[in-house]
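This report refers to the structure that appears directly beneath it.
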Amino acid sequence: MEALLQVRDLHVQYNLEKAGHVSALRGVDFEMTAGQSVGVLGESGCGKSTLATTIPGLLPAGASITRGSVRLRERELVGLEEMELRSIRGAEVELIHQEPALALNPVLRIGAQIADIVRAHMPGDRGSAIRQTQEMLQRVGLPGERFFRAYPHQLSGGQRQRVVIAQALVCRPQLVLADEPTSSLDSTTQSEILSLLQTLRQEMRVSLLLISHDPAVLATLCDRVLVMYAGKIVEQGPLSEVYRRPRHPYTQALLSLVASRQSGNGNVRLPAIPGHPPNLSQLPSGCSFEPRCAERLGACAVREPEEVEEGERRVRCFKYGG
Amino acid sequence: MSRDRKMWAIAAGLVALHAAALFAGFLAPYDFATQNRSLAFVPPPRLRFVDNAGRVRLRPFVYGPRLHQGSFTEYEEDRSREFPLRFFVLGEPYKIFGVWNARLHLFGIDEPGRILLMGSDGFGRDLFSRLLYGSRISLFAGLLAAVLSLGIGLFLGAFSGFYGGWQDDAIMRVSEVFLALPWVYLLLALRAFLPLRLNPAGAFFLLIGVIGFVGWARPARLVRGVVLSARERAFVLAARGFGASGPYLLRRHALPQTFGILLTQAALLVPQYILAEVTLSFLGLGVAEPVPSWGNMLAELQQYHVLASYWWMLLPGFALVPVFLGYYALANLLHERVKFVVP
Amino acid sequence: MAADGAQVCVGVEPLLRVERLSKSYVHRHPLLLRQHPVTALNGVDLVVGHGCFLALVGESGSGKSTLARCLACLERPWSGSVWFHGKDLVKLGEAELRRTRPKIQLIFQDAATALNPRFSALDLVEEPLRIQHYGSARARRQKALEAMAQVGLPPDCAQRFPHQFSGGQRQRLAIARALVQEPELLVLDEALSGLDLSLQAQIMNILFELRQQHALTYLYISHDLGLVRQVADEVAVMDGGRVVERASAAELFRSPQQPVTQALVRAVPEIAGIRPVAGSW
Amino acid sequence: MRYLVRRLLHAVLVLWGVSVLSFLFSEMAPGDYLAEMRMMPQISKETIAAQRAQYGLDRPLPIKYARWLKSVARGDLGYSFAYNMPARKLLGVRARNTLMLTCTAVLLSWLFAIPLGVWAAHHQRGWAGRVFGAGTSVLLAIPDLLLALVFLMVAVRTRLLPPGGMVSVNFAELTPLGKLQDLTAHMLLPVVVIVLGTLPMLVRHVRAAMLEVLDAAFIRAARGHGLPERWVLFRYALPAAANPLISLFGFSVATLLSASLLVEVIMSWPGLGPMLLEAIFARDLYLVIGAVVLSTLFLVAGNLVADLLLYAADPRIRTGEP
């Protein structure tokens, strides 16, 4: 399977008016092959959303890519002209945001907001755009004229997220990035949306980069998982292997938390991770997880570990060399 | 923060303007009412440094005005006598704050010359002095009317926002009626129903009452909006959960939220109310002669001949611009600060 | 606490008993007379035992939040009664109600909006004591600092403002503020759903310690059965404004009876073949 | 439709409220039309009392108000003592002149405000945006009273434009085209002053509304779908900004009406302004009330137009759900 996406040594910095420079991504390296589904696991502030917005070049005004490259099918995206980036967004790469309610224009009909994307990227007249839109709405479970002519405020949270998914997939992009697509939804709606994403992804052979803070959500959809902490990927590999034998102490802690949740042995102390999440503007010199790590070694406080590769798995921890 | 420093600089500028109004007696060379029929409609003099013989003078001086040959309205410079500009001279008596007598003026020239920095009006009165005395009426009428408006607005807005129910509906319907009237029409209508001829003090307080009463609706609705949103906010609900009473919630949680809005509104309302006083006086419904206000000083411009030939009569109007610039800039900075403080 | 949480919640003398509680909201169009009432509570019966950790789950719109506000006496139901220490809270006058409110404290989902942005951390935690005229200023300060320490907030952050705290710390502040009034029942309305897993765990552990030290009773409201399964003694399921099923957490997951419960259980994402690593935390 | 009926009802209610308010204020007035006559010694008490009875001034307030309502229903809009004729004849012509001025001013100021506002929002960061901002704030600081006097003085001294009034002396003999040219020449100055007086405030509000919409999530999403910038600005941002802009329309009509009164007086344009002033000095009670109620009618009509536009532009209002 030929490579689809390669991210090499990606650094992104936010310059905040008062707090000076904050580095959200501090050297991220990973690849994706066509048709693959990769999960990004990390807690708030680890840089996972920044990664999602950096790839299609949708960084907010205050942020900038300071180093590294993002290559989509051998084509370098970093530093690309805005016009060329625009032709890629929507046709090649699509980003699904977290808040379905806010991602839709409140004064435009649903059908129009999908047909616009088709007309922006695909040849053909309005008629074919409308046909494709109706067909796509059908596939996401919003059939018929009623939904085509509906306005966003007339739909429920779950239905709005289905429209956003329709927008993302209507031009059959090669890569869809989904940033916590279901975190604001009800748990039952969430499982419906996740299964919809799974079926459509397989039917349309679209590669998916799914971002979540909940390992269980990734388990249902992803082949590979990247675990992020303080702007770096601390561990990555095939999901089932990583979940069964996690190597990095942070991954172990996260997964044991989820495991104890699932075993349900009732009101006993939870294996919480001590300490506080990292403050990106004042990171320690050594490994950023060192202050909270139960298996810290001497070297951990001195410098950051390099990434050690072994088969399909990589980990960034002195326990395994680095 | 640079924004804060800018804000305090502008505020200091405005305070200086108001202080100039208070010390008008000292700053102005003459009293606002002293007439001099022989010097009617005299243009502003040119401040000179080089005398007839070409010698440069350290102390600037002016020439007195002299009627042009054969005309009763054209003036030219009478080069025969120089009037050097003197500072801290004793001149016409005035009262400081209406209490202490004083005769010291910042500047002046020897008798019989008269320094008319901005020229004179139809009665030969010094426009510069009238401008300073007039600023007392205009600036403080605007200020006090804004305080009155905001007071009513705060009280009614907070009351209807916090207690709601039929009082809320009643107050809001009345405020809609006030807002449905273009403010100048409402201002004139209100003024029309009050006695026309009034002594200066009466006119001043009547103006403040009328202008203040016209504008309470908008601040009331803004305060109501803030109090309503505060009441729904979780921290007010939480405070009720500690057993807090209604008035406590209003005082400690709801009202502090309104201070930002009130400050911004004040900085917006004061210039508008100064303009209201100027408009009323300009139309002859405000402060009447001989007491000067920026409005009635411009009133003479409604006569064609004044417009055609006495351009300096327009100068008092330009005094409004720095005042407006100051207040609007202050309002913008306050608005940004308010948006920033409440996350 | 007994291993099987079930009889803890019902058997022992109940702290709170809710009988046929109902309430509906009426959307009143200003000019139009046609009103379409929305029923939020439709005859809720619920018993909460002393020291029990009862979870109340249901989809959004099932009336959970309305019930929470009625129990915390922040909203008056239309009918039914809430028995607490032998008194029916629904029938109490405003003054007496104000005295009993501190006993039942509500913790909101978004702590950011539940904390007045203009108050410093210490002011926030002290405020309830000031309202209830508790002891001298120094005693109030001492008790507030104590409560903050119990939820893991160091004294040096006493003067900081809410927007200078992280999401997790703000929620701790809200809990400290409730704790300082020595409540008997804490109603947590989705208090942890916005936080990361590790933060949820930290705060849940704090709640456990507080439960042991102060014999607190919890009513945790959520739509996320995954979190509830692991921490609750018993789970009551709400649907359409009524409690439709109640069982111990383990039993509810083993054999959910009602269709809505089955849907909730199915919706919890599972990770097959994962076992807790013998970590040393 | 329910929404529009409701707004119409509300407008009538407000108009009624204004008339009641005016009558209440008139009741408070110590002096009345006959005040001057009383001062003249030669007029006896009896004639004054007879005059009062004839004009119905001695009747209690409710009766006076009822008679006024009847005359409004008849179309007379009350009775003018000074001119001894129904107010409608006087006010009708003046109202038309005022409308001529304000409608053109409203049209022109919105015609300029929207493109300028959108342009300013788009170039927010550039130096052009800052220069534009400084320009508007200076123009904002020049009150329309001063603006009118300056322009009038320039017109008088340069004789380029007619110095005030509505038509020149020989208006009757002119050809229809000549009449139009003459009228436009006279209207040019007042309209320019009114527009310049309200334009800066409008542009600032349009800019603010656009800025708020431009950093909304659905605009980022639209760019994320690769839609051309043209579409993003005019098909997504402007319609969404329509709602706040239209509700601003009512407010702009109010400011324009107020500005036009002053400009009419200064430039002796025979509109409602000078008539109201005259009536005030003559203490012609019903003429004052007639002028005030008419001005409110214009404003309320302006608000109704705004509601109509809002109903058409914003589907959330059209479909009734909040």
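All chains are identified by letter, namely A, B, C and D, in their written order; residue positions are counted from 1 within each chain.
In this section, a residue touches a chain if its C-beta (ideal position, glycine included) is under 8 Å from a C-beta of that chain, and two chains touch if they have at least 3 such contacts.
Keep in mind it's a predicted model, so treat the numbers as computed, not measured.
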Given chain C and chain D, the chains that contact each of them: A, B
Higher-contact pair (C-beta pairs counted), B-C versus A-C: A-C
Separation of mean Cα positions, chain D and chain A [Å, integer]: 54
Rounded Å distance between chain A and chain C, as computed from the means of their C-alpha atoms: 32
Whole-Å gap between the CA centroids of chain B and chain D: 25
Residue numbers of chain C (touch at least two other chains): none
Multi-chain contact sites of chain B, meaning residues that touch two or more partners: none
Chain D residues counted as touching two or more neighbouring chains: 10
Residues of chain A defined as touching chain C within the complex: 43-44, 186-188, 190-191, 194, 213-217, 219-220, 240, 243-244, 246, 252-267, 269-274, 276-277, 294
Residues of chain B touching chain D in the complex: 173-174, 176-186, 188-196, 275, 278-279, 282-285, 298, 301-302, 304, 307-308, 311, 314, 317-318, 320-322, 324-325, 328-329, 332
Of all residues in chain A, those that touch chain D in their complex: 56, 58, 86-91, 94-95, 97, 99, 102-109, 116-117, 120-121, 151, 153-154, 164, 167
Chain B-facing residues of chain D, complex: 10, 13-15, 17-18, 21-22, 25-26, 28-31, 137-138, 140-143, 145-146, 149-150, 152-153, 156-157, 163, 254-255, 257-259, 261-262, 265-266, 276-277, 279-281, 283, 288-289, 291-292, 295-296, 299-300, 303
Sites on chain C touched by chain B in the complex: 69, 72-74, 98-99, 101-102, 105-106, 108, 110, 112-118, 127-128, 131-132, 162-163, 174, 177, 181
